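First subunit A sits with subunit B, and in the next complex the same chain sits with subunit C.
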Partner chain A sequence: MPLRWCREDRRGPAPEGRAGAGPLSGIRIVDLCWVYAGPVMTRMLADLGAEVIKVESSRRPDGTRLGRRPLDPVLPVPEGVNVDLECQPLNHALNRRKRSVAINLSAPEGRQILLDLVAVSDVVTDNFAAGTMNRMGLGYEELRQANPRIVAMSMSGAGQFGRLRDVPAYATSLAALSGLSSLVGEGPSLYGIMMPTYGDSNAAIRAAGSLLVALLGAVRDGQGQYIDVSEWEAGLVGLEEAFLAAQLTGSSPGPRGNTSDYACPHDNFRCRGEDEWIAISVLTDAQWGALCEVLGIAADGVVPFPAVTDRLRHRAELDDLVQSRTSARDAAELTAVLQAAGVPAFPVLSVEGQFADEHFVDREVFVQAEHPLVGAEVVPGAPFRFSTKHDTAAPPMSAAPLLGEANEYVICELLGRDRAELTRLVADGVLT
Partner chain B sequence: MSWAASDESSRGMLAGLRVVELAGSVSAAHCGRLLADHGAEVISVEGTRPSTLRSRGPHLRRGPGVGDSALHATLSCSKQGMALDHRTPAGRELFRRLVAQADVVVHSLGPAEAQAAGLSLPELADDHQLTCVAITHFGQTGPYRDFLGDDLICCAAGNISFGIGARAGRPLKLPLSLASYEAGAVGFLAVMGSAVGRANHTLDGPAVVDVSTVDVLASLFSTGITAYPYRGVVGRRNGNHGLALYPDVFLPCADGFVGIVCNQLKQWIRFLELMGNPSWVENPRYRDRRRMTEEYPEEVDALLVPWLAERTREEIFDLCRDKDVPVAPSYTITELLSHPHLIDRAAFRELEIAEGERVLVPGWPAVFSSIETVPWRRGPRFGEHTEQILSDLLGVPESEQEVLYAAQVVS
Partner chain C sequence: MTDRPTVLGGIKVLEIGGTGAVPYCGRLLAMLGADVVKVEPPGGDQAARRLPPYLPGMPALQRSAMFYYLNAGKSLVTADAATPTGGQLVARLAERSDVVVHNRPQVAGLELGPALLRRHDSIVQCAITPYGWSGPKAGVVSSDLVTNAVGGDAYLTPAGLAHSWAPEREPLKLAGFAGSYAAGLAGLLGVLASLFRRAGGLGGDFIDVSEQDVHISMSREQIMWAANENVLETRETRAMPVGGCFECADGFIQIYVFSDEHWKALRATMGDPPWAQSQDYATPLSRAAHSAEINAGIAGWARGEKREVMYRRAKERGATLAPFLSPAEIIVDQHMVQREYLTETELPEGTRALVPGRPFLMSQTPATWTPGPIAPGASNRAVYLDLGLADDDIEALTIVGVI
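Take a look at the complex of A and B:
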């Protein structure tokens, strides 16, 4: 069928993307993002096939390049490479499948190179503090003059305007500001903090989606766009349910632990071994019957509290009962038995447990990349699997780039300048 | 048809994009809602009995009864509603005709069910420009593809629960249905990627996207992957203490709680200055951030709490912002609904969840320079658009419709 929404007549000529290299092949992103949330966002766009060129500089390196050197190079170090900026696993994880150009943006010539690169690109992204791009002379007006079809996204803690626009975004402060902290805990205990990086990754997912909405307008209609993303507001979206409850009941919800209004038992239960637990989620009365049978709870074939309403009323008692039957069991073995009996269950995995579990390799949640200095290493895969009739439509995996590894590609290939010019720009400290 | 693919007045970047959403899961519903927010025409297909989501809380003030779920009203806003049992032969045939008219299908079926519904790659016609997104707990492949699950199970498998809760205490899932919301948002991202690819001629023919909630959590939210191969297990839950060097902590104050995080030593020193440099700051024990983090965080907490207890969240927030120390107040859900900064940015929008009943719901978390916000429409009652879709979209004659209703293929 025709793509009605595509407005066939307004589609331009096909770009030079390679079929089967991901739906965004042919899209070029000039990526000024650094540290965490921004790089997670552009990593997902790279997973969809976009060419992501990370713009950085040894004068002001991405914070994730810094710190004590945790990995040692096992391969020869090319001349001019500063090993101390190249061996951080977090940096490798956040930036795999990207390229890197090292430009000194405080030099006027460096700024001009960036604008020239923008002219041959589709997207510019940054996650600096609000207003920084304007101060660098790289505001949307300047970018638009370089390329009227450019989609520019700024992602910041609280957005580019509003009275708290200067609030910095760290995981802990974002969780507190967005109301998430008020929900993290159990019973009377409010912990407020989670080890998983919720705020950054959630903002990254929602920013990437917003960027593609705008990019559709640019590709289809030639419409440029500026997008102002607030990580704080991104953190509100998933709390929709809590905002409804607050307005409809008149009071703010608090922490609920693992409890559910509809399922019981519904908790993590201790198993054999140190800090080993199994998640068991009884969603139906039939599943409760099956759980009782597996755990030997149905003495004489009589299932206690067969109705969920009764179970919810006796939650603490039932949790103790189930706990008493799981504590001597192996979490993985019990999971297999329960799933076979139709009861939702799974061990509470540590990262060690995940590395030992074939699911995560089989599904390419963890993949290998060949880093030019540290060799083979594990990095996170794409959060989706995209297949077409041709192939799996995933671009080849590549390791995180060495700082400035794409200088020649950008200057000579994309901007069409000669090698003598490249040498001069390095000598003049413009490419550094 | 009354909603309008070709209507000139239709608005939003996705106007004309037709999406069939097989209803039932929060993740698929959230994905569909994000598409509808940008003007896609989303047809939510329920079975011939109302989805269980229709009875989930929070409930409308007027409840109770079928259709009293405020959550469902919010997740389904701006969508069309059709009740069709795609598991019956006649229903399957209608469903296939519906899919043939669609650009995108979003569902939460496992691999066997997806194949039966004609939604896996081999079953899709070669020339059909359809993007089919499955959002399931464990994905369409791998050893656990047929495992049962929910948010609790996914947070366990995704190395999320391991990092939330008291030290050595019970692991906790993400609050609410956050795991499902994240998976839904990743589904939306994949659909948008396919839309750009089709408009740009870099995607042709059917595309199938497999989103697993466990994989989304493990690859994007878990903190262990990068550190494990060289540092061993990290990210074990630690109560009110976070992953970064001390202070990365959540503590009580006069009127609630604050989150304190100092990425740099100089920020911690400035925080101590704010406290008036109490006598203990001279002790090197309270300058060694690694030892404070690993050996005695509670001891340092106890030194901060009396100072915090004498001040409100806003007082602490103002003092710290002035000195560029990243401390933030912990807001309650109710407080956020009227927060001045969020009002400045129109972060909440009003939604009619039932006749005469309006609530504030978080809006799109980004401001676009020239993409208009599409007005929200009240979500469909059960089967509200079944007849219209049968007549207008599928061209089923009235006499056949009667048969379908009588046989409970549609409702």
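Take a look at the complex of A and C:
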């Protein structure tokens, strides 16, 4: 299975008739977000049909426009386009379905253009360090003077206030501070760290939800508002059980590997091949019976430890038993048999495995976008699918924008200035 | 906070099925002011009501603190959806709702999904299932462990230094229910977007949310590198050259070093020991070439230090160093209390606990949680009377076990 499957095997746009306008069509977002968490949030809003105009500048490029060796362009490079800033795959993944205007916000005229754009928009988003928008003269009060109905959201590591508001907002730091890191792993001395971007995407989805709440509020009474999103707090999503246990049982839960309080076996088991594993979780006694049957554990038809309380008491023994039966099996083949028997199971998938799985191909979890320089490339799809009945299905996919690709659209169409003015703004270093 | 009304005041939600994503989505809708009716099988959802930890002094099916957290504040009704009469009750509840959130349960006489939208144009319906509504694996059973495996998280956990401590060990799942809850949030997003569109004059919608899709599509730079650069990251290779997780005198810390500024700040935090002053470590590339010895040096320093001391020093010097905090430590952290993220809540039998409160901090739109009774069918009478049933009907249905 070639990893570059999208370019070789899946040419052409999504099937005809599937694209719509999205439920947020007509909403315009002025997006000052950069790097990771913020762009994931506005990407979801773009998937819902909002027009997302990314405000950026070559003077201080988005970190995802830098850092790795860029892809080689396969299409002609227009004059003045900086390939180094335009061909980073991660930047393409995070900013697909968006537009880009290049504004130098440290120039007074640049700041005024931004405020003029805010006046004809619905939402402003940023994920700078706490307090940055105020320092740039773009705090909520200034934005509201430009547009009294504006919904403004700032997303930062630990929020705009509180004793730790200046904590560095790197995902691994936030995972440590949120309690998540202390709960991954096993035993008193072995802690795991999780994928660094985990907290970013959780924060992003919560932040997107809060913007929708604000938009619904604005529908009701025509007023905007200010939203303060803390990425740290997003790290707590899903950890409620641990927080309640710490208070109700009197002892704080520690790292617990893959175990569960109420399910056993419940682990990733080694299969045949290099770094091949299968996740199996037995949630009911019936599933245990089925697992025993499939793995040949039920000698003479007698299922050992039929009750979950007994299984939990003999967890190590059962894990060894299951492991001894899975290690010679193929993870995909065993998954098929177990799923057919009603047991939750799946191979531990790498990205390569995700590309290859027919289910995710069928559901278009990865889609194709046509980038102006690198051509067809794979990007992540939307995390939800809307029916096509009311034109709320996702709008057509478009690739991440070149820096400043929408300068003319913003200056001439949205702000109504003429082309001579556009040329002057570029020459004066206001649009750059 | 002002006196602006909740955004979902007057919105009727019907919630059916699930122990994680669907109830979490329902809880968020309830916090935003919606009137949520939750349907359980007669006697209550046995799996969901047994989730630990437990509230003291409560009967068996009402002692799950997780069930309480997710569901107190909804109107809890029971109905045996597999029977024609029970299915009809659920169908009637669905028909009078603005929003239906479910995990694709079997309901006698009621076809969910696109069919429901065809028959009732104004209903916003969201199905949150492990593998989604369509595709070869639609309907296959799953769990949070499996979602972690499918979504790519397990394949890369633990990574870097933590992986090197025990390279033979199995991939690890993340803690808690993050897998389902992210899908619950995606469902909320879909429902709110649909309601926004409906407020603009359009009809309802059917939204298909798959837990696995959410996790795969929310991730991750790995996708792009694998697809475009033929680079497949593993637990072994996914590491910053310098930094990661280090054991210290009273727990663990996480250190992030990328730029020269990060490195300078970390050196200052460590008291600039002679080994760290080597010119060999002056640039990102040279640090990568010497990463093992640098990490060993950091580990040696960290081992004798306490988390809070290191964190304070790092903050003064601008280094990116964070202590691993446990839930018990976070609960007493003033930052969370100041931000009202954790709010003290009265649980049954007088227990008080800090629980995660509002989902977002918004200047104008309140989100509140008002717990109510959680006995199975606690709201049967109120809801079914409202549906037009008489007291006698309700009693009869109870006796035959339909509700």
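One rule holds for everything that comes next: the second predicted complex is superposed on the first by the 399 of 432 C-alpha atoms of A that agree within 3 Å, B and C clash if a C-alpha of one lies under 4 Å from a C-alpha of the other, contacts with A are read in each partner's own complex, and residues count from 1 in each chain.
By our rule, a contact is a pair of C-beta atoms (placed from the backbone, for glycine too) under 8 Å apart; a residue touches a chain by one contact, two chains touch by 3 or more.
Keep in mind that what you see is a predicted model, and the values were worked out from it rather than measured.
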### Query
Since both structures carry subunit A, what do subunit B and subunit C do when superposed there: clash or fit?
clash
### Task
Look at A:F355 in the shared chain and tell me whether it touches subunit B only, subunit C only, both, or neither; answer first, second, both or neither.
both
### Query
For A:A316, is the partner it touches subunit B (first), subunit C (second), both, or none of the two (neither)?
neither
### Query
In the superposed arrangement, does A:G209 touch subunit B (first), subunit C (second), both or neither?
both
### Task
Determine, under the contact definition given at the top, whether A:A420 touches first (subunit B), second (subunit C), both, or neither.
neither
### Query
When the two structures are overlaid on chain A, which partner does A:P380 contact: first (subunit B), second (subunit C), both, or neither?
both
